[in-house]
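Chain lettering (A, B and C) follows the sequence in which the chains are written, and residue indices restart at 1 in each chain.
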């Protein structure tokens, strides 16, 4: 049973999903503090119509064309969200929910049309749930490039990202090019999303962007540590999820990765060193004990001594 | 006379569809400690934000040290409202103060031990040395304000803008902050503070700017801090308690 | 901010206009369909799901029928979702034929409904049950068109249905049917060339288990990456098992299918190569769908021959016994 781990295909999938997980966990931490976790999900869903339109327009299955289509569609989605938010009274999360469902529904409709005309051969269906099992050597390179890009941009400008997320106004006062950083951030996010979608699908990439970052929050009070832990959780979800799915008979990889990520979250929620439920419960108990000891009047204590 | 460090001419700004500032004109001299006061919605925060290019200008000009904001950024320090930031963000007090040094550290460079020392000293000045490694979410309101102030100090600016730094802080913090402001003034720096408490203006500031969408009156405290000016700014009737200004009653209509 | 929102609403308006225009187009085609049905009321409107049913019937029915197949080339019947337009087409038909045996998995309810008011026949289900293949979970293998004899029986049942519907054309249909069945027998003869493939190379590795009947008929071992249906994500073990089979039997070539995305087969090829088996892509086979209408591969006979030729060329050529 374990011999399957020695096989090239398993290794390709392992590496690809692990590296993608690291990249997603990293950029996901930034999205978390921008209060835009839902945005990752909205953008992932908004990318779908772009993929199909690109396919229908150019009639090629060339990955680069489809990914570009996905990116353009996602950016248009972001544009609409911004537009709704600034010109109507609708709040951001409502706007995101709207664009998510509208674009995604539109995408599914286009998918039906595409499937009827050129059939499932296009592989467009894989953009929804992904097909991690068929990853090959070239996918490992692609993911590595992505991860190197994301991680290096975040690490090099780490203190700049910190202030950009913590105190935008002060950052602007220091001369930090906020608009420029907005663009870089969006590029990193959209790139991660569209590269991730072609491998693991819309649903899963959103999970990798959101869950590891949230889980990391429960373990630390340092932003640096949170980004690192988030990347680790993302990578671990990919690795362990792939491992488990490889061992089973015909088990699909994608869902297992999501389940792993969710498990990390639940463990973090309960056992997290800084904010976990269990830890807070113990702390409270300890405080109560101290209170009780302190509230015993000294006269009583004196009596005891006598 | 002292050098004019800040000059505002015919400044107008809007917030969504409402004009919040109209025709604001004033000049500020070096070494002055000015309190900006006015009722709610008077545009005090907007004034600071507009001057610091955080809010769009509809018309008018702002000159710092005879030049534009962009060119003089390094000489300007800003302490925003405490509520403008998410204090849940995972970082320690020392890190926040270090942010004030980013301009000096340089973009994309790592902070050095020297910078760390400077940040620590600023915290010490604010009486927060013991809290340098404390998570900011664990600080009280007053302590957070001191961290913000330390961050501003470390910028070594020539003019400082502060948005309600004394709001919601304990008495000890209030004293500490005002002590620092006096030291800044003694060193020849200029400070402009949006102040929430009309009663203490005379105690703390040598200049007052009465603002209600436009400048009602601006000048030395002992000259302009009068019942009339207050009444005009706040548009309501005032009750005098023991000769000092007591409660200001705002009418229902503005 | 004001100009931004004007631009924004402008774009929304533009999108709405395009959508409306697209919708109008669709309703026009529907009207055309309806009128076509009414004009040629002499021809029997036959609607089928897969073209493997439709094309032979159009030959047998000749100019007395108008055949329309809902699922064109490259369409996967396992996953196909009927649209409102399809349902209209079905309702305007005189006779409806489908494969059944759970091939058109998402249309079961539709057929149950239409059966009530129309002549509907699942030709696959007319076959003697003992002749059907099952997988390890006892699910029925619906890909019966690859067994020429079984398919002949199924088509026969369809022709009977046509005769029943239109007795005045019965003898015409019978005549054409006999001619067509002769061609089927000729096809059967032509498949004998597969026996030239050496025993150890008679393994057919494809994207899904569509060739069970093919394998049984031509004495070949068949291995599909996916099971009987293309529904569901492929697992790592699926890929690995296929590679293991390839390595074990030193299979010279694998095949992609016209209705299925080829990335999984490509992964199998790359994985096998890594393990030292220089497996080739043998070519594209027609499994659930046939070729483009109007071409040779768009006919049942042409499609079958294409598969035979492709398999023959790929497997008869060298073997992989020496690295």
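Here, a contact is a pair of C-beta atoms (placed from the backbone, for glycine too) under 8 Å apart; a residue touches a chain by one contact, two chains touch by 3 or more.
Because the structure is a prediction, the values reported are computed rather than measured.
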By the touch rule set out at the top, what is the minimum number of steps from chain A to chain B? 1
Taking the mean of all protein CA atoms as the centre, name the chain whose own CA mean is closest to it. A
Heading the list of chain pairs by contact pairs is A-C
In angstrom, rounded to a whole number, how far apart do the mean CA points of chain A and chain C lie? 39
Where the CA atoms of chain B average out and where those of chain C average out, how many Å apart are those spots? 75
Of all residues in chain C, which are in touch with two or more distinct other chains? none
Name, in rising order, each residue of chain A that touches chain C in their complex. 4, 7-10, 12-13, 80, 83-84, 86-87, 112, 115-123, 125-126, 129-131, 133-137, 242, 245-255
Help me check something: in the complex, which residues belonging to chain B touch chain A? 49, 52-54, 73-74, 76-78, 80, 84-86, 89-92, 95-96, 98-99, 102-103, 105, 107-108, 110-111, 135, 137, 151
Sort out for me which residues of chain C touch chain A in the complex. 1, 4-5, 8-9, 72-76, 79-81, 83, 227, 230, 232-240, 243, 258-264, 266-268, 270-271, 274-275, 289
Using the touch definition up top, name the residues of chain A that touch chain B in the complex. 33, 156-157, 159-160, 162-163, 165-167, 169-176, 217, 220-223, 225-226
